[in-house]
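Here the chain labels run A, B and C in written order, and each chain numbers its own residues starting at 1.
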Amino acid sequence: MRPLPAINLWGVLSIAVVLGVWQAAAWHYDTVLFPGPWQTAQAIVANFATIAGEMGNTLRRAFTAFGLSVLVIVPFGIACGRLRPLGMVVDPMLEFLVTIPPPAIIPIAMLFAGVGDTAKIAVICYALIPGGLINTIETVRQAPPMLERVGRSLRLRRIESMALIDLPAAMPGIVTGLRLAVTASLLVTITAEMLLSTNGIGAFVQRSQQSFQVAAGLAGIVAIAIVGLTVNLGLRQVERRLLHWHYRAGISET
Amino acid sequence: MGASAAAPAACANEVRPASSRAPLLAVEGVRKGFGGRTGLQVLDDIGFAVGEGEFVSVVGPSGCGKTTLLLALSGLLRLDAGSVRFAGVPVWDGTPAGVAIVFQDYSRSLLPWKTNLGNVLFGMRRVGNRRTADKIGQAMALLAAVGLEGFEKHYPWQVSGGMQQRVAIARGLASRSQLLLLDEPLASVDAQTRAEMQDLLLGIAERYGQTCLLVTHDVEEAVYMGDRIVVLSARPTRVVREIAVDLPRPRDQIATRESAAFLATRHEVLALIRNERRGAVTERAGR
Amino acid sequence: MIWLRRLLALGVILAVWQAIVWLRVAPTAYLPSPAVVALAAAGMFSSPEDMHAEALTVLRALAGFALTVPLGIALGALGALVPAFQKALRPWTELLRPMPPAAIIPISVFAIGFGLKLYLFTIVFAALWPVYFNTVAAFSGTSEVLLRTGRAFGCSRPALIARVVLPNALPQIFIGIRIAAAISLLVSVVTDMFAGQDGLGYLLFERAFALRIPDVFALTLLCGLDGMAFNEMVLILRRLVIGWHVRMTAEAAA
């Protein structure tokens, strides 16, 4: 839409103010348990390799889980949206599953699968799939009925119709849902890592906190924020590119 | 051109000879542009007057800034130059208490969280010194006057477009304002309802002695409704001519529209507008 | 009608669950049958310790939610009315929005300590954004005609905001409020897990480590019930505040 936005002076100002206050507070308390921005920056540099490595683990895990979830969400979601009886059975189950907060699943996952990758990926999939399915099903259901008639007039089989007509028509809604799912996958991964520590940036932050290395922990948090921000911005660009043709291209910022 | 339709056009501020009072609304030298020096000059030296009890129609070719003019007259847009005086007091920022507006886009103008009655009451915001029970009674009477008796407790989105616009009209009347500004109120209403509502408006204006300024793109409507027609030019807009409408009241959808005087006035206005439109086109082509 | 379908769906879930248990697909020690879980649930409801934990988690979530909503609306209104404020806030919202609430809990415990204030902080931190963003969007998106109407009928700036802009914005704000409610419960549970003192989250892990598996299932289901209750609460609130809009969309769909 717009070209590069002008520099947000007020934003820069607010960042400067917050950093300033933070640093002043850190000087005031003068303890290793309250690092200021400068110390945090130093911790970032000192721990850079570890952080990068752990972040890699986290991202790998998050995207694997995301990929698995998409493989379930898209085809199954379209099927449920199109095939009324299937949808009717699945709907209430999804409605229920979506009310359980993903962190509440972590203890169960731990019981079944220990603390390794499997457990974490299972948790992430649980967090993504019900919501993603609901979103996809809604999107498919809201497709103009005209499309179904087109499919029938071309004598497409059910499966062909779903792949060739429903899928592209539902794409905008699905893509938006998936964008939110990517952010969620990152979020849940880190949460799971903090509770089921083995490796990953979440585990790193948890370990640092527990050994009172606050600066290192903060460094981890800053890294999470930056990666989260980058992923988010990147995704919005991708979405904008993919959907620029779509009349609903006034994509919400949420 | 019909002799009976000619009218003095010269001085924009000229008060109608029949009235000896100062005009209710006096517009003088109004200019409004958008976008600075390189931008668009929409209004360029507009001047006319509206006397108490008059029904004045404003017409012009499309794009001539009729809505801009109305917003300027009601204090919702700042003028670049010129003045608008309502009852002698300059209109500057915000609509004066004696002025009410009926917008074209009724579906977005009515408050969807209020009932029809609530919306009419909203028009009475500035009528401060009355008891609530009185106000409700007044509002119900107005809704009945516009033919919406029984729909007071409905929400605007529960009734048809024509009915919504009637609510807006009732709301406009509710504030007991001296001047009612109407911005193409019937443009979004279907053709059959339009005739009905034209007569409704005329009836109400008559009944309440309401001074009205109607902005419209429909020339026949302008002639049918008005005592006087202000014809605007193409952009940058000026007043081309003011034409007195010499038709008997009450007006009738069939008889009036067939009368010689009506057709002559209609002819005059249409010719003026067509002239303006052609002028604008050649000017644009010449650039 | 809806409740009939929900009961049917519940029946299907229970049947599938029982079938999985019978077929011994999962290790029986780790997947109890529905009957066993039901028994555990009954025990849970009559256990003062468990109900105390439930009350704590739910009340903290409610407290956080009750704080978040007015704060989010106020900040959102401010952001919409004072563009400088919104610009100043933007770098922070972009950075903090993708941040997993879990990541900041250890630091918050450090800085704030335990108790209600910890929960208030973490919940507001996570749940503020949907309310804020939806409020800003709703305020900024007020139609020009509506604004002109307000001013035409003599609304001063404060009156315009209170009587026209805000009521018009509420439907969209409620979308954010609904999301915030779910987040409030989620963060309350997660904070329990990290703060390690009391509440459902803590109990979940305690029971998991003690291998009291039916209890873990029962508690997880309780979290789901809480989630549904929260959602219902928001829907009731929504009908009270913007009943007109609920009816309008219902009638439009009909």
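Here is the rule we use: a contact is a pair of C-beta atoms (placed from the backbone, for glycine too) under 8 Å apart; a residue touches a chain by one contact, two chains touch by 3 or more.
These numbers were taken from a predicted model, which means no experiment stands behind them.
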**OP:** Could you name the chain whose Cα mean is nearest to the mean of all protein Cα atoms here?
**Re:** C
Original post:
Count the touching C-beta pairs: is B-C or A-C ahead?
Top reply: A-C
Subject >> Mean-CA-position distance for subunit B and subunit A (Å) >> reply: 54
**OP:** Would you kindly tell me how far, in whole Å, the mean C-alpha position of subunit C lies from that of subunit B?
**Re:** 50
**OP:** Could you tell me the distance, in whole angstrom, between the mean C-alpha positions of subunit A and subunit C?
**Re:** 18
Subject >> subunit B to subunit C touching residues, read off their complex >> reply: 71, 74, 76, 94-95, 97, 99-101, 103, 105, 108-113, 122-123, 125-126, 155, 157-158, 171, 175
Original post:
Mind pulling up the subunit A residues that touch subunit C in the complex?
Top reply: 8-15, 18, 33, 88-89, 91-93, 95-108, 110-112, 183, 186-188, 190-191, 194-195, 202, 205-206, 209-210, 214, 217-218, 220-221, 224-226, 228-229, 231-233, 252-254
Original post:
Okay, in this complex, where on subunit C does subunit B touch?
Top reply: 143, 145-146, 148-149, 151-155, 164, 167-168, 170, 242, 244-245, 247-248, 251-252
**OP:** Would you pull the subunit C residues touching subunit A in the complex into a rising list?
**Re:** 5-6, 8-10, 12-13, 26, 30-31, 84-85, 87-92, 94-104, 106-107, 110, 130, 133-134, 137, 176, 182, 185-186, 189-190, 193-194, 200-201, 204-205, 207-208, 211, 213, 216-217, 219-221, 223-225, 227-228, 231
